[in-house]
Amino acid sequence: MTPFLDLGFARVDTHRELRQGAPEAILAEGKTPEEVEAIARALLEGDAGSVLVTRADEAARAALRRVAPDAEEDARARLAWIARRVPAARGLVTIVSGGTSDAPVVMEARVRAELLGTRVVVHADAGVAGIHRLAPALEDLRRADCVVVVAGQDAALASVVGGLVAAPVIGVPTSTGYGAALSGMTALLSMLVSCAAGVAVVNIDDGFGAGTIAARIARAAGSGE
Amino acid sequence: MTPFLDLGFARVDTHRELRQGAPEAILAEGKTPEEVEAIARALLEGDAGSVLVTRADEAARAALRRVAPDAEEDARARLAWIARRVPAARGLVTIVSGGTSDAPVVMEARVRAELLGTRVVVHADAGVAGIHRLAPALEDLRRADCVVVVAGQDAALASVVGGLVAAPVIGVPTSTGYGAALSGMTALLSMLVSCAAGVAVVNIDDGFGAGTIAARIARAAGSGE
Amino acid sequence: MTPFLDLGFARVDTHRELRQGAPEAILAEGKTPEEVEAIARALLEGDAGSVLVTRADEAARAALRRVAPDAEEDARARLAWIARRVPAARGLVTIVSGGTSDAPVVMEARVRAELLGTRVVVHADAGVAGIHRLAPALEDLRRADCVVVVAGQDAALASVVGGLVAAPVIGVPTSTGYGAALSGMTALLSMLVSCAAGVAVVNIDDGFGAGTIAARIARAAGSGE
Amino acid sequence: MTPFLDLGFARVDTHRELRQGAPEAILAEGKTPEEVEAIARALLEGDAGSVLVTRADEAARAALRRVAPDAEEDARARLAWIARRVPAARGLVTIVSGGTSDAPVVMEARVRAELLGTRVVVHADAGVAGIHRLAPALEDLRRADCVVVVAGQDAALASVVGGLVAAPVIGVPTSTGYGAALSGMTALLSMLVSCAAGVAVVNIDDGFGAGTIAARIARAAGSGE
Amino acid sequence: MTPFLDLGFARVDTHRELRQGAPEAILAEGKTPEEVEAIARALLEGDAGSVLVTRADEAARAALRRVAPDAEEDARARLAWIARRVPAARGLVTIVSGGTSDAPVVMEARVRAELLGTRVVVHADAGVAGIHRLAPALEDLRRADCVVVVAGQDAALASVVGGLVAAPVIGVPTSTGYGAALSGMTALLSMLVSCAAGVAVVNIDDGFGAGTIAARIARAAGSGE
Amino acid sequence: MTPFLDLGFARVDTHRELRQGAPEAILAEGKTPEEVEAIARALLEGDAGSVLVTRADEAARAALRRVAPDAEEDARARLAWIARRVPAARGLVTIVSGGTSDAPVVMEARVRAELLGTRVVVHADAGVAGIHRLAPALEDLRRADCVVVVAGQDAALASVVGGLVAAPVIGVPTSTGYGAALSGMTALLSMLVSCAAGVAVVNIDDGFGAGTIAARIARAAGSGE
Amino acid sequence: MTPFLDLGFARVDTHRELRQGAPEAILAEGKTPEEVEAIARALLEGDAGSVLVTRADEAARAALRRVAPDAEEDARARLAWIARRVPAARGLVTIVSGGTSDAPVVMEARVRAELLGTRVVVHADAGVAGIHRLAPALEDLRRADCVVVVAGQDAALASVVGGLVAAPVIGVPTSTGYGAALSGMTALLSMLVSCAAGVAVVNIDDGFGAGTIAARIARAAGSGE
Amino acid sequence: MTPFLDLGFARVDTHRELRQGAPEAILAEGKTPEEVEAIARALLEGDAGSVLVTRADEAARAALRRVAPDAEEDARARLAWIARRVPAARGLVTIVSGGTSDAPVVMEARVRAELLGTRVVVHADAGVAGIHRLAPALEDLRRADCVVVVAGQDAALASVVGGLVAAPVIGVPTSTGYGAALSGMTALLSMLVSCAAGVAVVNIDDGFGAGTIAARIARAAGSGE
């Protein structure tokens, strides 16, 4: 049996969940709503535990609602998803963000991680310009199996957090800010040269990627309670 | 008691190992041999389990040899280190590299990870231009608690490996190649937009950073046998 | 007789087909519909075997329909064309693409190549994140006279394919993806430093250029059956 | 039998010639002379038709001389090679270059193409600032099965040649020039957006890549006389 | 008497024409229509020989029409102007452009140069992909007092023309093209490293700047017939 | 008592005014109107002396009007603010701008500085292309406690002013201009390498940042009359 | 009397100290030792209070020693200077640096500021990866009239300090680090988009510029005790 | 008779002087001394009025001395030249430079312009940080037929001069400065977006190109006295 479903315009990797513990997701940008719908159906028919559509405008989210009445969505984060068989949660991912504007990326990371079967705690708007605002997050940072830092502009939060915790830290630069923020490139570069060791980085605004690797790390490290 | 040692020109973070499970390391570039020597002594006096000097030229490595007769080194990888109390190994890190020229970065990642207390297996020169060369690595990739991919140029290996394994993947772009390789920037960007989810990336040639996060992931996930 | 037709705003190169075996095409961006129409008429009057309009919005496509009732078009690929005397097909071009979103660029390459007189086979969505999806394409890759790889993001597919086949490989980076994908620049750079030798690259999203050179290679190499 | 030879630090792809008609070559930069020597020996033992070392300084070239007394070399082009069983020449590659300083890259393309079994004609210093200097090349351009344009600075030669010939054109941007030449990046970008269709491009200074694809194109298209 | 008129939001340099032989012009982008109108009035009251508004959308052009019923305009080139006392024409500027899409920039250069008092001849769409299309322009290129080359993409036309004529050549890169054209940056860099000496360059799409310097050169060099 | 107010999506730093003499401001971009409104209310309840919303579209400004009937605004500068207890003015900030299009950024700097309690004088459109236009500003430049230069394009004004005055100079590059202006990046780089010492620079279009530091400098240096 | 001294190759601005309170300094890079010597003599003859040579290699420092036996120097910071009439110190500048490697830039800022007549306190190696190391600096940060933050890599220290103090903060990005540190460009961009308001930035490694503006700010704000 | 001399490695354009009034010059970088020597001999045999070698190290200059005992040279400007039949001087070129370090580029422009037959006046070190230093140049600026501005860093001098004179202005950005000077790219971009109209720009450090176009402009405009 072939380990993918050939739709002509797409070859849906229905064995990815089996192979890697995480089902293929659908990046809606660049796809027609009809394509989103067809791929989502194929994934469900391929017995995916969940289906997640990212960077989904209203038309793409509507496409997913046509696939399943139990589709959930978050318009601001441009997400839609169907949760069928989410694994029992193992491990803890703590997400901290630098500012209010990072909320959509935080949500994308959170939903992805939860669909893969881990617990997620979020501390929003803890940027270092008022470093005392990080205090309430300290306990959740220390007990986390993996920490995700979502921050734009200078992304200094990644270094500060990276210097405090013993868990692996995944940085997600965001495209907030203007001018020399360079649509997130400055935050990306900044996180990559963080003076704290033990920080690894995903693409700008890539909450999905961060959620994926964070869930893997946390599930392997964490207990199931 | 202050949690750091003030040398005037440097404030040595002697509590980092306690706080984060990994001692501060010494980036030799930009420091005089005398500074390297003094910081190394301070770390040992602060009871560090190990001391690692990276990007160390001959003078910097000689400085470490003055500190301790049991200093080890690797000239090509520009490393020198002193291992005093390395934690019992837990977990497995599998490192694959794209080409022969990536060897110094592989070595930096390996030494750092081993000093932090994890087992490391290396498969060198498994680049995708001859994808069958990856075959002997498959078993070690699948049983790894964390995979590190070290690759320059187009860094395609990160996506291929990232699509095969269930473990977290840390990508280390290298500065090999010329022209459009842009001293490793192309490999870095390429890994960041890898079509495989679950890959996170460290700085160009940053074997040290990769070794740090990989060891944390592997130790938390792995067993101690 | 002058080898071009002077329309005042444009000098239509009516001898290009004679000189180079491929008629001049019309890049619609930056031209008014009236200009597109006038150039298309001039090409037909200059006895062009075919007329192809690329990056054509609805107004530009309508302009071509006004020129000839037998104009064909593809809205998503922003193409319109008139096929009058297409040379008998010689040789085989195999196109593989990395993802569903690359479809418009694939179509542009395909139409151009077919108008120049070659056979084209397409394997869509064969990206390396699930490398087994490439398996059904292997036979068509091996019997091709020229291979075209259309891929965005990290464009790792170009290296994998480039390491498998003996035919010349033309890479077309696409502008899919976000953040560090840099509107296709990362895919472009990545293909240029592909670790597989024998890959040459055209501009981002330039299906037209890829179709042109691929048809030339395939026609010269291929048989006519 | 494994299709590669494992040297520990390298996995030599001894089947590449069989699979792709062109043996693996050795990029000397980043490798020690000992590694170059060992890989060259492995290739010869793997029955390679030829061995080519690129970007080879004197030490790397000496390493090849140690492998075989019949090693040839070109110091300025930083090349060394051993020709054992070069296929009978088929097809014609015509190389034109923009200026005298492009000579090393021309040589790299020429040697690679000849080792793969094709005839090569070179017209040096035919840049468009004195376009009449291109005249003596016209006949060789028109009878070529593949044309290679080697040019730095603005690389305008690629467009002029690309507008004249019916054969596929491979552009090789070079790192000559200063300031806004950006070490060859301007020539690279310029060739990629050449106003002539049918031009595909390889990496900056990558005579090796150009020779590889040009030989493949020419051999498939050309006759053997 | 102050040599400028203070409007509060602007200090109109009414002596520029006296000082430099060319009146201040109005870049409409970033100004409100009311500001455009007020500055234009001030210039006329300051006895400007002409008023030129560049990058003017419909609202900005309407503002100029309110100032004077004899305002002229060109919508595609986003220009509006009032000609009151244009100096008697001296000298000849020949403008050649690479493609049809460069027309708006050509028009901006032409209008500016004519308002400053020089004759202008235009040869459009003479790009080097069909270099014979340049033939009809040769005589006008040779008798010009200044040549302006307007070209996008690889801007190879600047080098070809720069190698043919004895007059000073001003290059205007344009933002046509896509992908690696980088919104005109590639054309700009390419012109700056033109292999033809005697070419100087203005900003991307800056027909205004080119018209200004070309008119100065031509008027000083040319006769008044 | 916690020194911030936790709104769930935001942690409002209500002690910033106490700690740093300047209340937190609200960057509207990336926030919903509801979030702007809630943060503004929290700041007022936290007893902020003033509330300033920057980069505020109509919806964001309306949100502030809902918070307080005494909200003021400037649509072109995308500002809205509430002034409750502005400190008595101390010191003088003189702002000079290069062109009319810089007006919104000038306004942002002015409002911020005045809300922090300093006097502000503005000289608009004093760009160096007509350097005599700077003359009326000279006295205000010399008596200023801090000078702010707002300029786009080549930002040459910063060097000219920087060479004239004894007070600290803060440069604000603006995103005016096109092509090689690179959305303000050229002005930014240019100010950073100003040949006048004593100039420091803030982000592109960052009138807010300039107003903040200028007010601090001027208040510390200035008298209160 | 002319306010500068014409040496032929240089016009020494002998009135700068009078006009701006700070004498012209000599950037040694790009100047011959003879030129450095002649300019230094001219400045002393022009009655400069001090002479400072920056980026001075051994030959340039020797040139200054030839000018005056009381010349002082710092080889690692590439500085040489002659202090004749330094103004009585007013105000306090506190400098904090991120790491040991930033020492030369710290020294350049310190010497310049002291020569202009202000007191300077330095806290080295207080990077945020171990944020407790900042504690001993807090008092000096709070009582400073101006704070200078010298930091490379991600320069996160600028945001942390910028969020703590009420004084103006001047950021100096340094070129320490490798790969994505981009020779200091990442630190520069990062400081420019610092999430803390009230930070202004000078060029990479520009301790001289920071010392200049910091001394001006501190002297104006500070008392003379 | 062919209008060029074929040396095998080079095609010397011996008709360029006839065709364009300026002989081909030799860019020494990338050429061997033997090639420089052979090309120089060919030019002299082709009856060139002068021979100019740019970017010439000692070996290249020695090569020219071997060609002719009357060769002149300037080591700091890396120039060597032979003047045989320089046209009678017509017109005046005034060169102003921003700083002492721009001297080599000034010299390259001067020698080239003089060899083409024009008078040259130089005002060095007139940068705008002390704008009064420009005063002695004003008369020569106003009577010039063409002005050349040589400046690095922010190149503000180009705008200031461009706003003062009626003659065409050619800007030459230089690679002086460090950090954000970006090896001259900032000066280049800055000149391109100069707020003064009538400025055109050549490549970074390209005194040769500036001298060429300036001489053409000045000779056409100027009288022969």
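Here the chain labels run A, B, C, D, E, F, G and H in written order, and each chain numbers its own residues starting at 1.
Everything that follows uses one rule, which is that a residue touches a chain if its C-beta (ideal position, glycine included) is under 8 Å from a C-beta of that chain, and two chains touch if they have at least 3 such contacts.
For clarity, every value in this text was computed on a predicted model and none was experimentally measured.
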| item | value |
| --- | --- |
| Rotational angle, Cα trace of subunit B fitted to subunit G, multiple of 5° | 90 |
| Shared interface numbering between subunit H and subunit F [over half = same, under half = different] | same |
| Chain centre separation (subunit E, subunit G; CA means) in Å | 44 |
| Subunit G-subunit H separation of Cα centroids, rounded to whole Å | 36 |
| Chain centre separation (subunit A, subunit H; CA means) in Å | 56 |
| Sequence positions of subunit G contacting 2 or more other chains | 99, 129-130, 163-164, 179-181, 185, 188, 192-193, 197, 203 |
| Touching chain combinations (by label order) | A-B, A-C, A-F, A-G, B-C, B-D, B-G, C-D, C-E, D-E, D-H, E-F, E-H, F-G, F-H, G-H |
| Subunit F residues touching subunit E - in the complex, by the definition given at the top | 76, 99-101, 103, 124-126, 129-130, 132-133, 136, 176, 178-181 |
| Residues of subunit H that touch subunit D when the two form their complex | 2-4, 6, 8-11, 13, 15-16, 24, 27, 29-32, 35, 39, 55, 173, 175, 183-185, 188, 203-206 |
| Subunit D residues touching subunit C - in the complex, by the definition given at the top | 19-22, 25, 145, 163-170, 188, 192-193, 197-203, 208-210, 212-213, 216-217, 220-221 |
| For the subunit E and subunit D complex, residues of the former touching the latter | 98-99, 127-131, 153-156, 158-160, 162-164, 177, 179-182, 185-186, 189-197 |
